[in-house]
Each structure stands twice: as structure tokens, then as C-alpha cells.
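Labels for the chains are A, B, C, D and E, by order of writing; each one numbers its residues from 1.
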Amino acid sequence: MSRIGVFICHCGENIGGTVDCEKVAETAAKYPGVAYSVDYKYMCSDPGQNMIKDAIKEHKLTGVVVAACSPRMHEPTFRKAVSEAGINPFLCEMANLREHCSWVHLKDDSTTEKAEELVKVLVEKVKRNQPLEPIKVPVTKTALVLGGGIAGIQAALDIANSGHKVIMIEKSPSIGGHMSQLSETFPTLDCSQCILTPRMVEVAQHPNITLYTYAELVGLDGFIGNFQASIKLKAKSIDHDICNGCGDCIAKCPIKKIPDEFNAGLGTRTAVYVPFPQAVPNKPVIDRENCTYFTRDGKCGLCAKVCTKGAIDYSQKDEIITIDVGAVVVATGFDIKGTDFFPEYGYGRYKDVITGLQFERLASASGPTLGEIKRPSDGKVPQNIVFIACAGSRDPAKGIEYCSKICCMYTAKHAMLYKHKVHQGKASVFYMDIRAGGKMYEEFVRRAIEEDDVNYIRGRVSRIYEKNGKLIVKGVDTLLDAYPVEIEADMVVLATAGIANEGSEELAQSLHISYDQHNFFAEAHPKLKPVETNTAGIMLAGACQSPKDIPDSVSQASGAAVKVAALFSKDELTRDPLIAYVNRCGPPTYSTCVGCFLCVSVCPYLAIEKEQIKDRNGNLIKEVAKINPGLCQGCGTCVALCRSKSIDIYGYSHSQVFAEVMALFNERSLENV
Amino acid sequence: MIKIAYFPGCSLEGSSKEYNESLLAVSKEFEIQLEEVHDWNCCGATAAHNLNKVLSISLPARTLALAEKQGFSEILVPCAACYSRLLTAYNELNKDAALLEKVKEILEIDFSAKVKPFTVIDFIQKHIQPKLKEKVKKPLNAKIACYYGCLLVRPPKLVEVERYEDPLMMESIVKELGATPLDWAFKTECCGAGLSVSRTSTVGKLCSKILDDALSRGATMFAVACPMCQSNLDMRRRNANVFLNEKADAPVLFITQLIGLALGLDKKELGLQRHFVPFNLEIFDKPIPKETLGKSKKVEEV
Amino acid sequence: MQELHNKIKSILENGSASLFIAYQKSREGKITPTFITKPEQSQKAYFGDDCKQNLAVYIHKQEVKNFGKVGIFANIYTLKSLLQIYAENQIRDDYLKVVTINPNGAIVEFANFMEIENYVNENKPAPNPEDMERVEKLSNLSREERWDYWLNELSTCIKCYACRAACPMCYCTKCTVDCNQPQWISTPSHSLGNIEWHIMRAMHLAGRCVECNECARVCPMDIPLNLLTVKLNDTANIEFGQQAGLKGELDYALSTFKVDDKENFIR
Amino acid sequence: MHDQNIVEALRPVLKHKVKENTEEDIMLCYQCGKCSAGCPLIDEMDIAPNQILRMLQTEIPELEEKVLKSLAIWLCLACEQCYSRCPKDVDLPKIMDYLRAESIRRDLVNPKAKEILAFHKSFLDSVRLTGKLYEIGLIAGYKMRTMHLLQDVNVAPTMYFNGKLNLFPSQVKNKKAIKRIFEKALREEENK
Amino acid sequence: MSNFEPKIIAFVCNWCTYAGADLAGTSRIKYAPNVRIVRFPCTGRIDFMLLLKALQTGADGIIVSGCHPADCHYTAGNYHARRRWIIFKSLLDFVGFDTGRITFSWVSAAEGAKWAQIVNETVDKIRDLGPYTDYSNLNKLGVGTITEVLNARTA
């Protein structure tokens, strides 16, 4: 027989001012199974909590209902209190008399009546609560960092420096990411590679970091503290243990016309290649899609002939390795729209209409023009250059409605770099708004305008077309009553929108994390959990979550690293035990589960497995469902789906919710429950 | 013999007779019978939608309704303005059931607005182009600026055209006629259309820009698929020339006339004598000028 | 018929099954199932258009399972049921020998469920027009009229559970109707419990029912309860494009979703 | 409430009327100016297209009136350039259609637009009477309305000799039907 | 009927609508007191049988509410729930239940005002419709009295 204690809180006037708390306590005392009922000014205060503890002992209570504020507020408080009095914390429930009752209704009999019923419902529920223990799971103290751009590098170094192992995987042959492609960085104009390369080397040499380049994640199973990552190591066709990075193979490779990814398509590379001189690791790979040895059945083979170390290995195969990790930092970065995205800017036909990233390569000392601004079509130095901000961004008609955030700043930087390199040249920027919120950012933009004489024109460009070797850029100055502006430019740079990587949807699905409508990965809470995802143990860093600049990426990466380090600071994790389970009983039934497995696909966490029940001789008796308690998050969707009610869930069990529903409006006793 | 419903529109009965003549002549060569929708009426063009929305839907709707009653499911509309009006009516009526009811009541015709309009370019692509190459008798030696104007390609949400900023449909057609299509920048700029009568000088100015871009890139003639584009570039040439340093004398032909010429049809049969800017067959004997200016790239393969 | 007899005989003889489930016809013309264990009994098997019962229901029975490998003669609905319960992990390929007669009268023996899937999709029975018409008619009534209709029908239910027993999809180890903690389906003999039972039954069969109509056929009170599942199958098909009994892999409207599933009632 | 406030509160806001009648939301415009940048007639317009939208956004009565009195709304050719490039999918030509109709209703038509309006009216007269566009009739009507009696004397003879002008109108058989369409559509308009 | 106060039961998920109702509270938005919230972890947990049970026990109206599509705390529970309600509603409609008494909604943790509005509108609507006894009354009658129910209705 249950002995439930009911504690009605006035919350000062917050509840007491609207609800007749004394009456509620009196009514509750009459509910079947209630052994003690009382009201008090502030239940969450020390005297209030002591009152509960004393009552538990004095009245030998088997369960407690605290009718006060929202359980989202004080449930942990009261559960802790009852456990201090010696009963299981999960035998305490809260009725929400404040947020759901006194604060939203007027002082009235019906409000008090509602309060009474809310208490009644929770009394019926708590009668059927079971004592539960938090689930403990061990933690594998190795982190997986996906992506070797600046965010991944920062996260990996921070985690490694706090003493934990890190596995970093990068899909291209070198780490460095977009930052390695940049020329100078705003607002300081310091050289991007100069600040990045030391960190890349640190990653490669760190004793706690294992680096896999030319590698991709193919699957992630498991749960926080206990993930299993499957990683594909693409065949490099070169044994990096033997290769000394001399570059002879690259010099001899006859396939030289492959558009160079590192130079954003502005230069070319060979089929055996190192993406850029400062690459880490600085050893080549063979691009099998373009190498004639692979595309034309063993023809060529020159690189193997010139390699004095015998490092070339055409027979290498892709390899899949599985690694246990406890946490994941996703830092896969972003991509940008190409110029072919814009019908009105020539569908990408005009060679001298380029993207911001291409301009970075032109301005970079390590780029195809060694840092001289020369236009791609004929190598001439443009004397009149136009930058177009918001090219694609803030354009819902074309499907990119958000602001890409970084373009205002890098466009100002581009215009400045241009003016620093081509002193007599003319630079114009078409913009809609200048978003320069950030330390020294506004000052930077003003410098471009005031000191470097960049011509900022407020308006979107309607069209670009080519005539007489010039690019005609048509716009209006909206600050001058839409005064028509037509510029005969030599080169146009589009600040194209930052977008999610191709395949990010699939990656999110294999990680079981959510993503937004633009395929950027979703943080768990836009304000308070900006680095976590909805899947415990998986963190986000950098532009895979939304376009962001270097300082923001680095900050977020360090944040993610701290989350990982905090997770690794304990040997075990504890989790709320409110999870689902499939019933088990004695032979000959073993479980009422009939093994139809319709539930398997409803589980968002792939927590439902098949279990074979066998007799002593190992013969299969039946196959039934089993829920992995490490994976289950307790949504209960399987519980509602199961036809035979063979699945139940702690905390929201069939008998609990049934009793709650039947307790309402029902004057008769709960004979059927 | 394929039978296709046909809405010539007012211009093709009047100021652009040659469009009608050449379209019918070419269709005949390909054994296609264009059957005029019986008792069709004016679409109301720019005037109606400038002034009164319900009228602007009801006028074209009557023709759509008549075509439906006469058993057709689509209708060929050679005039771009008529096409735009008919297509708008088609879309609005299919989108808005209440409007359809209202229009049914106004027309006093019960119909479902399921007859879909299509352009002469669609028509050529579907019915003529597949057999065009084999029928060409006299390949055209010309550098042709294909001019689309507005309503054949815009708005892209209404008119489903690929590459609406730089369409290449007519280019691929003239290429099959043996001519060289011009890569130029003003193929979808507006000629002034509805202001032809009321603001002739504005139209002249707009046309001069179009002429200038094409001619400076070496065009010898124009191909169009819209009577208003044709009449503005042709009839209003004098007004355009005012704005040009060098008087432009490149003729403006309907795409159907060009096809007719390549098929070896008679000049008169194609109404070529009706143009303001005179057209002579000798034009094809002249060598095609090298690109005088610029360095425009070849039009991509279509 | 002789061919069928020979086929059953050879299956039992060559050991591909030790029990064969088929139809038989009594002298009075009554069709009943027969369980043939000896090759010489093969003559008992009968087939005709009047063989309506869904024999798939026996596949779950422990007594049948005890035979190990089992042969079954299946009409098209039985085939659909077998396919559906195969998708639901209730039978195994290698324990079942399935035989049918195709529309041309030829005997077809299936090597595996892939073949059954292909056959069923080629010979998919059209929805029963009478049932569809009745569903349509009911749907066109006013809500009150529909309620009265069903109340009238379902109030006669005596909860004999023949519908459950006859349905190959009702194979749960323990039916929720037998659950008393909590008592999901009210036991007192009032109509509310009847309605609860039939609502639950229909929900559990939505998107799984193969529309053999066996439930309605066996109902001693002649309640047209197949209409409930026919209606829900229709909903599952219209809303989610899912049909039962056509796939060997699990395809169940309620265990999957699309992000852009459409409805018009959630605010 | 003060009387003036009531009047103000009850005043129909033009942008709301646009929304009601065209489903186009003027508040979507964020003033990027792309419409004006691509407009073929921007040089001749007294108010740029983007500014028309801005004026309507403000809800200031004087600015609304300025828009309705403008020449720009009459110059718009509905070439659809703005709409096809608008990043916010604002159908400006459709809004212009409405503004013209509203301008006539409120009798605010710009004096310089009278030729354009005359042309539209003559055009519709021709259609109303014959069901089709009768070009000589159109020109004659237009000239009467504008007193531009000498306009197009240079092209008309050529048109005639080239066989491009018909001296007699081609006509729709069921002229009653056309007349009815006009009557009902105009009644619809008046009911607004 | 004039002093009829509808009894409304609300099945809500813990993460969105329950929190949304909390927000209505912290924002002091007033709404009708007729509603009783029962908390679930997720709309995916809500068994359709519970809706029948609620009607049986005398609820005049029901609110079922959870996270907006794409916002589910468990990523997909609400999508499964949506399918379940589409099928279930189709069945209830077909059998002749008054499904207008069931409000389905998405109310996020940020939509306190929407929650209040959903409750108020449901209460107003049910108040107009009157008590729902079609189903719950069956509980009180034995076999054979069905005709009485039917007669009572037609009378």
C-alpha cells in the first residue's frame, strides 16, 4: 500500500495568491494512498526541504509529490532532498502549480480545482513510480576530430594539450583547410600561412595526436563515451613511411593540366601531387581519377621509375579502420558558391568574374601569380576592379537567405590588398549593408574607404556583361536616388555565399546529428549550447555550423575542446535512467515481444537490437527486441508503437500514464487501473 | 499531317502579317496544319493589365476557353506579348479557383483552363528542328543576332526557360540553318514594346542600344520571334538611328522567315517585302565580317 | 487439380516439407483447411474460386511449427499475408514451401520470397470495389450518421475474438486486449469496450492488413469490420504511398516518416 | 481618441491595399536597388522603382500620393527584368499594374502620362468594339485623344503600302461576348 | 448548458510544449483554467489508446501538442507522431468520433503565447460544442441499451 506525501508550496504569493493552497492540501489528504499532506510558504527553502525530509521519516512515506513550480525548475532540488531522507529520488514527482496554474489563471475556484486535479494526477503517477538508479557508462578517453582546418587544428591541439588522445581525419591530402588558402587576414593583415603553418606542424608532431589525411569517416556507431568510428583511409598509392618527400615524382608526372583545388581552379597541378608547398604531411599522393596509370590500365608509371626510394605503390587499396572514441568534434568546414550560380553575372562564363576565394589565391604570395593581381583571362593587371558583396547571400529567391557573415570583412580586405598592390587602380565595392561587428572590424572597413580610397556604392548589381574586353557592371547608387552606375571593369570579384559542404547532409545522418535547412549542422541550443549537438558527445567547431571567420572558428573550437576535456575528466558517465526496455519473463514465453521488429526503424538512436533467446543446447527459441540502454535516450516512440505493449519506459510507463489520464475528471475510484 | 491549335493574335493580322505568312509557309513544308481557334479575340496585351486585372485575365481566357471547347489541349501563340497574357491567364486560373469561377461567369462559358499556350520557339524545337537539317536547301551565310526581348524568357517563374539571362534556343536553330549565331549582351534587353506609339523616342533609344551592341559585335542581321520586337527594331529604325553614330541597316527577320529562306521558299511567300528596313537576298553573298570589336567567346554548344 | 495433387505429393515425398496445408471440399461443398502429412493424402487437396480462407494464419501455430518444414497452398491473399509476415520476421525462407495456381491455371512453386514478391506484384488484386464503395458511402454520411452506424454495428460484438484468430497479422504472443495491468480495453459488457477493441485492432492493422476480409467472414455477428482496415489502408496509401503485403522487406507507414509528410489539421 | 487620430487610423494604407489586391508584400523589399539597376527606363523615370517601394513602405500619405502621381508607374514596360532578378521575389510589374489602376481611380494620373493612358484606352476601345486590335482605328483614336495628329505620318504610308495596315477592321463574330466581358470586368473594378 | 465548463486534457511533450506552457506562465499570459496537462517525454510516446481513455473518463476536448517538425528533442519522435495522428484521425473520423474536439498543434518552447491561444481557442470551441457524451456515456450502459442511446439522440 502506497504512503504518499503531498507538499503544497505557496511560493510566497506566486501560487498562494491565486490558489487556495490550504484547501488543496486538505483535498489531497483524502486521495487514496496519501498518508500526509501539508502546505508551506516556500517548499524549496531549507525549512521547506527539511519539512519533506522529516515527513518522509515520520510518516514512512513511499513517495512524494511536491506541488510547486515547474519541474524544469526544481525537480533536481526536491529529488535530492528526498534521497537525503533515504528514499529513491525517482519516487518524487512535481505538480506544476505555478507556471501551469497560478501564473496563467485568475484567482478563482476553478483555479484551485485545477490545482487539486494536477496534484491528484501526480499522486496517481507517483504511486506507480519505481526506484531507479542512474545509468553509468565508461568513457573512452580518445577524441575524434573530423576535419583539419583551423577549427579542427585548434580543437585537436587543445584536447591533446589537456592530456587526451586525439584522432584527426582530413579528407584532402593535407591539413590546413580554407585558412591555408587565404592571403592575408582581417583586420590585422597578417599573413595567413605564417600564423597557420606552425600549428599544422604542431598537430603532425604532437605525441597525443594521430593524423590521418586522405581519410573519410564512413560510419559512427555507439553513444557518448563509447563511439566506434569507421574510417576509410583512401589509397595514397605512395608509401609515406618510405617517401622522403623529394618531389621527383611530381616533376616527372606528365599529367599537368588538372585544375588545382588549392588555387581554387586558377592554376593546375599534376596527378601525383602535394596540394601546396607547406602541406602537412609534405608527401605526395596520386590522384587516381586523373592518373593515366589508373585511368588507362597501367600506362605511364613514370613516377615509379624516378622514385629512388621505391615508395610508389600502385597496388595500395582503400582501407577501413575502426577506432573507439569517447567524443567527436565535427569541424568539417564549409564551401562557397561558384560564379556559375549567377545567371545575371554570366553563368560563370566570364573568366575575369571570380570568387573571393580565387582572389585570395591571386593575392597570396604562394598563389599562381605569386601575389600579383593579374586577371585570369589574359594575365593583365586590372586597372578597374569591382567587388560585389552579398553575391548569393541574403538572396532568398536563389535559396540562400542568410548572411554569410564573413564577406563584408574579406571584401574590404580584398579591396585594400588590391589598392596596396595596384596603387593607381580603381576599386569599387557594391554592397547592401556593411556588417563589421567585431573587434577592430569597423575601423578596418573605414580604413579601406578613408585611407585606401575604395569606392563603396550602396546597391546590388543587376547585371554583368562583357564588351570590348571590359566587364560592364550595371548598378545604381541607392544613396543617390538610384543614380545609375555603370562601371567598365577589368575584373569582378563576387563575394559568393558561404554554404554547407556537399555531402554534409549524409555526414549529419551518419553522425545522427541534426542540420538546418541549409545543411549546416545544428547546435543543441542557439544560445546556451552553441558547441554541443543534440547527440551527446558530439561537438561542433567552425564553419560547418554556420559561416564564420577565423577568430570565431578558433573560439568555438576551443569551446568544443573544453567540452570534450570535461567529458574525459571522469572515468564514468551517469545518465538519467528514464529509458525504454523490452519486457522479459520466464519460460516458455521469455518476453511478450513477438519479434516483428517494426520498432527498429522508429528509433532515432538505432538503440533497438535483435536478441536471440536460445535453449541450453544453443537452439534458437525465439528472436526478440532488446534496447541498448547506452543508446536509448528515452523518447518512447517505440513504446507507443509496440502493438503488444511489450516495450515500456521508466518514468512514463504504461501504468503511470494510464493512471494519470484515468485519474482526471473521474469521480469514481480507479478500479480498472 | 499534325494539327495544332493556333492563336495568331492581332499583330499577325496587321502590322506583322509576314510573321503569320512565314509561319504558315514553314509549317506547310513540315506537314503541320495550324488551325486558328475559331472566333478568337484580342488578348488585351499591355493595355488591359495596365488598367484592369479582371479584364486582363478574362480577355485571354475567352480564347483559352474557345480552344478548349474546340477540343485542343495546347495552343501555339506566336506573339510574345499575347503568349505572356495567355500564360498568365492560364496560370492564374489554375492557381485560383475563385478567379476561375468569376471568369467563367463573366465569359458565360464553362471551361477548366487546361489549354496551355506555347511559343513559336517551343513549336520549332518540338516539331521543326528534329527534321530541319535535312530540309535546309540554301544554308544562310550570315552572322545573326538572336533577339529574344522580354516576354519570351521572363519572368522565369512563369516562363520555364533554361538560361533566361542568356538563352540559346534560337541560336541553336540558326546554327542548323547554316548561319553563325552572335554572342552578344543585349538579347534579353527590352525594346520598349508597349510604348511604341505613345513614347516613340524612348523606344528609339532602347532599340538603339540593342542595335549598337549587336552591330558592334559584327551582326549582319537579327532574328526575332516576337512581332513587337520586330516592329520596334524595324519600323522604329529611324527613331533608333537618331541615337546612333552610324546608321544601322541590318534587317530584322522573324525566325520563321529565316527558316523559310533556308528551305528555299520564295521571298514574297515569306512576306519579306513588307519590312521597313529593306531585305535583299544579296545580304547572304557578302562575307561575314570578322568580329570588329571585343573578343566575345563562342556561344557554348547547345 | 491432378497437377496440384502431384505437386503436393512430390513435395511431401522429396522431403521439402513434412506438412502441407491446403484447402479441401466436403461432400456438402464446404471448404475447410486440410493438413496433409502423407503423400497419399494429397488427393484431399482442392482448389477453386470458393477457396477464400487465408491459410497463412496457421503458419504461426506452434503445432504447425513443430513440423519443421511446411508446405502451403496459397491464394493471392495468403501470398500477400505470407509476404507481410515474412517482412515482419515471423517466418523464414527455408522453412516454407509455397504453391499457388496462377490465373492461367498453372501450378507455381516459389523458391523464395523474392519470387513471391514478384508474383504478388504482377498479380496484385484490385481493391474490392464493393468494399471501396461501402467505405465511400460511409465517408459521405454525416459524422453523426457514421457514429450511429458503427455504434449499431459494434454494439453487437460479443468479443469472441474470431476476427483476431482468423487474421494472419494477429500473431502477438500476448494481445493487448488480454492485458490487465493496466486494463487497456474495458472488460464490462458495454459498447465502449467493443469500440475500444475494434479501434485498437484497426490501428494495429493499418498499413499491414492485406484485405483478405477473413475477419468479416468469420464474424458471427456479421460486423463489416474489414471496412475499418480497408479505410486505414486507403489512408496509408494516399498519405504515405504504402501498401501492405507487396514487399519482402519491411515497409510500414507507421515505423517510418518523411520530413515533408502532409496533413492539414496540426496547428 | 482625437478625431484626427481616428481619421489616420482608418485611412487605407496603400501598401496594405497592394497586398490585398496583388498578394505582393512590399515590406519584403530591403532596398538593394537591383530593380532600378536593371530597369531599361530608369533614366526617364521620375522616381526609381526601388524608391517607389520605399515610399510605400513608409505609409506616409504624401509619399503615397507622390507615387500615384508619378510618371514612373506609367513608364514601366512590364519587361519583368526586375522581377526575374529580385532577390526577394517581389513582383514589381504586378505592383505597378495595381498602382496604375489606383492612380486612375484616385484621379491622380501624371499629366505627362496622358499619351500612355490614351494609347491604352484607344487600344481597349478597339478591342471592345471589334474584339481585336484594329490598328488604323487605334492610331486614329489615339490621335484624337492626344491631338498628336501628325505622329507617325512617316511610317503609316509605308505600313499601308507594305500591306501592314488593314483599312477595314478584322472583327470577332461574337461581338456581344466581348462587350459583355468589358461590362462585367469594369463593374468588378468599380466595386473595389 | 450556459454554465458548462469544458474539461480539456492536454498531452504534451516535455521539451517543447511543456516548456512553452512554462513560458506562458513566466510571461503571465492568462488563459482558460479548463486544461490539465499530462507530460510525456515526446509526442512519439503518446499512445493513441490514451486519447480514447481520456474521452472515456469524460474529457470534452483534447489537445495533443509537441515540437515543431525538425525541432524534436529526439530528432524524429514528432514525425512518427504526425503519421500516427494522420492514421488515427482518419479512423476516428470514419467511425464518427467528433474529431473537431481534438486539437493537434506544434508549440515550441518559445511559443508561450501560442500555447495560451491554443488552449483558449480549444476551450471556446468545446464550450460551443457542449459536453462530449457520445462515447463516455457508453461506459455507463449495458448491452441492449444501445437503442436507448440512439433514441435519446434522435429525440
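Heads up, the rule we're going with is that a contact is a pair of C-beta atoms (placed from the backbone, for glycine too) under 8 Å apart; a residue touches a chain by one contact, two chains touch by 3 or more.
All figures in this text were calculated on a predicted structure; none of them were measured in a lab.
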Any chains in contact with both chain A and chain C?
-> E
If you average the Cα atoms of each chain, whose average lands nearest the overall Cα average?
-> A
Of all chain pairs, the one with the highest number of C-beta contacts is B-D
If you average the CA atoms of chain B and of chain C, how far apart do the two points sit, in angstrom?
-> 62
Chain C and chain D: spacing of chain centres that average the CA atoms, whole Å = 67
Expressed in whole Å, how far the mean CA point of chain A lies from that of chain B is 52
Can you check how far apart chain B and chain D are, centre to centre, with Cα atoms defining each centre and the answer in Å?
-> 24
Got the chain B residues that touch at least 2 other chains?
-> 164
Do you know which chain C residues sit against two or more other chains?
-> 184, 186, 254-256
Within chain A, the set of residues that touch 2 or more other chains is 344, 463, 602, 641, 654, 658
Which two-chain combinations touch?
-> A-B, A-C, A-D, A-E, B-D, C-E
Chain C-touching residues of chain A, taken from the complex the two chains share | 589, 591-602, 623, 641, 643-646, 654-655, 658-659, 672-673
So in the complex, which bits of chain D are touching chain A?
-> 30-38, 42-43, 48-51, 81, 85-89
The chain E residues in contact with chain C across the complex are 48-49, 52, 56, 69-70, 76, 79-80, 82-98, 103-106, 118, 134-136, 138-143, 146, 149-150, 153
Using the touch rule from the top, collect the residues of chain A that touch chain D in their complex.
-> 344, 390, 394-398, 432, 458-463, 474-478, 481-482, 484-485
Touching residues on chain B, where the partner in the complex is chain D = 10-11, 13-17, 39-42, 44-56, 58-59, 62, 102, 105-108, 149-151, 154-157, 164, 188-190, 192-195, 197-200, 202, 206, 235, 238, 273-276
